[in-house]
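Each of the next two complexes has chain A plus one other chain: chain B in the first, chain C in the second.
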Partner chain A sequence: MSQEKIDILQRALKREKAARKAAEKILEDKSKELYVLSEELKVSNAKLEASVNEKSSQLEGVFKNINDAYVVIDITGNVIKMNNVAIDFFGYDIAQENFNIVRLIYFKDAEYAFTSFKTLLKEGAFANYTARIITKQKEIKWVQINASLIYDENEKPIAAQGIVRDITALKNLENQKEKILKELEKSNNELYEYAHIVSHDLKSPLRSIDALISWIKMDNEGKLDEPTLQNLTLIEGTLETMEKLISNILEYSSAGSEINETKYVYLDQIMDDVSRLLFVPEHISIKVLKKLPVVKGDSTKFQQLFQNLVSNAIKFNNKDQGIIEIDFVEEPSFYQFSVSDNGIGIEKKFHDRIFKIFHSLNKSKESTGIGLSIVKKIVDLYEGTIWLESEPGEGTTFFFTIKK
Partner chain B sequence: MKGIIFTEFLDLVEDKFGLEMVDTIVSQSKLESEGAYTAIGTYRFSEMLQLLQNLSSHTKISIDDLLLTYAEHFFSVIESSYPGLLATYNDPIEMLASIENHIHVEVRKIYPDAELPTFVVQEKTANSLTMIYKSSRAMHHFGLGLMNKTFEHFNSSAEIMLEKIKEDGTEVKFIIKKNE
Partner chain C sequence: MKNSLNVLLIEDNMIEIMKMNRTVSLLKAKHEITEAKNAEEALAILETKQNLPDIILLDLNMPKINGIEFLSILKNDPDLRHIPTVILTTSDNRKDILECYRIGISGYILKPLKYEEYVSKIEIALSYWSINELKSA
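Up next, the complex of A and B:
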């Protein structure tokens, strides 16, 4: 072999060696890099594992501690997981037997149950499903269920979970309440009817007495002396008062009954009616200071309300020029009305008492002591309040509010 | 530039022109690596350029023709080293059209720092493909050689025309028409 050839080969060999060493160095560096990387991976894996464990133990805690029954079912309804509350409540235990939730369905709610299950599959969840179930012990319970689907990593539903709340006690209370309300309504109606009958029955002997007295007067015309005639007139007056009293009691008993009608009530119209119905003497003027609002409620009740207040103002006016003013102010949630007069006024010590039934301050045949109690009852009905300001001898202003 | 391009190149030179030629072009080039290449290393492109220029002047073969021959050799390296990659294709046009979106993605998994040319598909039919090659290395003939071998691999052939968009060859249009 020529020297030249040997030199070439030696140089080639030298290059190959250098290349090998370079390759070894690169590989060493790479494996070192890989080692560091795998150590880092180990650390982050450990962290991930710890956080998964923590989350699972939190979930396990929720699963055990929740006060409601919690179940997980597969897509065909077989229960695959349930907490102790669920075992106690349903009476079934998946550790002992297979348990499909279909067994819980109460026949009367079957259709609702199947539609809800379809909703769950379609929408992925349902809330506040309320129906009856039948437990293993054949007890019927009311439940409220919130459920949602569980998906695998490909977004395919694989199971459903539900929280089942026992609302049997609540439902029973609700039913009881409804029953009591119905009974109450019935007895209220009976009472109202009773009041009607009683008032009718009470009035008819009064009318008989009235007739008898007028017959006595007719039969004995010219024979009776003045004191007897006066006594007979007093009897007639008393009879009239008595009849009014009975009518007012009837009115009072109906004033507190529920607001059946909730129509728009044009209070301006109501006030016109009131002025027409009442006998307003010439020396008394009624002024409505501004256009009254439209409220919601029963027009008869509003008429009673204004009629009673205005008629009191007329009745107890002793001035030559009687003035009655009706006004209101609007507040965000209610209207505040006022009816003021320049009549005889009411002493402070009677302010509370006047709203109580049969508390007439003036013994007169026109005043039965029921009017203001009717007013109070109606104001109460519309969740308002009533009060007054008065100066004896100067006049009185009644204020009342009506909730919007 | 990846070491495998150098090692395969010098292997081919040794094969075709003998170890003496390898010795000559390595000695005549100013190489930082001193010509000691390993497939897994990374070296300057200027080293390849010098080796090519020296080989060209000794053999009187143009650099483009050298690159073409080298590419045809290099395809066999791909065939034997990455048969799985080629097996995912059954049509040469499909394979060439996906250089950018599939093949180069795979290359980067093995050589994350590889500096690859871009091949932008301009027009594609079942039997034709127009692509724009862009690379500062101007190794379009290396690409051409690989393309020729690609058609051969699928037992077909094609007319491939090159149109230089830039005079220095850093941007070239490849017009490929598969022979029926």
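Up next, the complex of A and C:
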């Protein structure tokens, strides 16, 4: 081999060596890099794992600690997971026995249960399913259930989870309330009927006395002296008072209970009716200062209310020009009405007493002492209050509120 | 035109019966009043189906069979249901009034306190029925 050739070969070998060295270096570097990466990956994997564990234990905590029963069922209704509340509540424990949710269904609500389950499968969830269940101890409980489906990665439903709230106590209270309301309505109606019967039984003898007196007068025409005739007239007057008293008591006893249904009441119209029904003497004028509002309630009650206040204002007016004014102001949750007059006025010390039944301040044939107690009862019925401002000799203003 | 009526008065109160008799005796038309002190007595009279009254005046407040029950019995009997029945009562209970009209009545008269008013109400009612063409003879 010539020297030249050897040289070439040696140079080539050298180059190759260098290249290999470079390649080795690159390899080493790359390996190092990979190692670092893999180490990093390990760390982040560990972190990820930790965080997954953390999340599951958080979920586990929620699952264990919620106050409501929580169950997971497979698509056929077998319970595959349940918390302690569920175990206590239902009486079944999947650690001990197989437990299918169907066993909880109370026969009266079976149809509702199955249609709700269909809804769950179709819609993926249902909310506020409210029905009775029967526990292992054969107790009937009212529950409210919110449930949703759980899907696998192919969007296929594989299970369902539900939160079951025990609302038995609430439901019992509701039922109790309904029962009490019904009883109250019944006893109110009975009272109303009773008041009617009593009032007519009481009126019947009065009519008889009146007839008998008429006959005495007729049969003895010209034979009775003046004082006797006068006494007979007094008896007739007393009978009238008595009859009015009975009518008013009947009115009072039915004033506090809602007999008719609630409707819109046009108070303007009511006031028109009141002015027409009452005898308003020439010298007295009734002014409604602005258009009265429309309220909800029983129109007869509102008529009684205004009629009693206005008739008092007419009755107890001693001025040459009697003025009665009706006005109101609107507040966010109620209306405040006022009925004012320039009549005889009421002394401060009587302000509380006048609303009590049979506390008429003026003994006369017309006042039975019931009118204002009817007014008070009606205002109470509409959750309002009533009070008055008065200056003896100057006039009186009655204020009352009616809840909107 | 028929001037005098055959009236069946169903009323348990003695003075109310006296009031009716006295009122009718004051009128020109000679109405015939048959008294029944309660629903049973009235049914016994009506069951004969003889000399059926032209009109019935019926009180609501009666012991045992009350006026509304009597009215139901009457209106369920094909031979008696045609007889115009006017309620004569003290009850202005809306429930009673509606129930009576539902079963079928020809009038509802409230007994007033004043005797004079009573006389005028009865006079008007009887004279109204006496100008009517009635079924029975």
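Methods note: the second predicted complex is superposed on the first by the 365 of 404 C-alpha atoms of A that agree within 3 Å, B and C clash if a C-alpha of one lies under 4 Å from a C-alpha of the other, contacts with A are read in each partner's own complex, and residues count from 1 in each chain.
As a convention for this text, contacts are C-beta pairs under 8 Å (C-beta built on N, C-alpha and C of every residue); 3 or more make two chains touch, one makes a residue touch a chain.
If you're wondering where the values come from, they're calculated on a predicted model, not measured in any experiment.
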{"item": "Clash or fit, chain B versus chain C on superposed chain A", "value": "fit"}
{"item": "First (chain B), second (chain C), both or neither touched by A:Ile158", "value": "neither"}
{"item": "Partner chain(s) touched by A:Leu34 [first = chain B, second = chain C, both, neither]", "value": "neither"}
{"item": "Which of chain B and chain C A:Leu48 touches, first, second, both or neither", "value": "neither"}
{"item": "Touching partner for A:Asp210 - first (chain B), second (chain C), both, neither", "value": "second"}
{"item": "Which of chain B and chain C A:Glu193 touches, first, second, both or neither", "value": "second"}
{"item": "Touched partner set for A:Val294, first chain B, second chain C, both or neither", "value": "neither"}
{"item": "First, second, both or neither for A:Ala19, with chain B first and chain C second", "value": "first"}
{"item": "Residue contacts on chain A - larger count, chain B or chain C", "value": "C"}
{"item": "Inter-chain angle, chain B to chain C through the CA centre of chain A, in degrees rounded to a multiple of 10", "value": "140"}
{"item": "Superposed arrangement (fit on chain A Cα atoms) - minimum chain B/chain C Cα distance in Å", "value": "89"}
{"item": "Chain B and chain C contact sites that coincide on chain A, given as residue numbers", "value": "none"}
{"item": "Chain B residues touching chain A - in the complex, by the definition given at the top", "value": "7, 19-20, 22-23, 26-27, 34-41"}
{"item": "For the chain A and chain C complex, residues of the former touching the latter", "value": "193, 196-197, 200-201, 203-204, 206-208, 210-215, 239-240, 243"}
{"item": "Touching residues (chain side chain A, partner chain B) in the complex", "value": "8-9, 11-12, 14-20, 22-23, 26-27"}
{"item": "In the complex with chain A, residue positions of chain C that touch it", "value": "13, 15-16, 18-19, 22, 61, 89-91, 93, 95, 111-116, 118"}
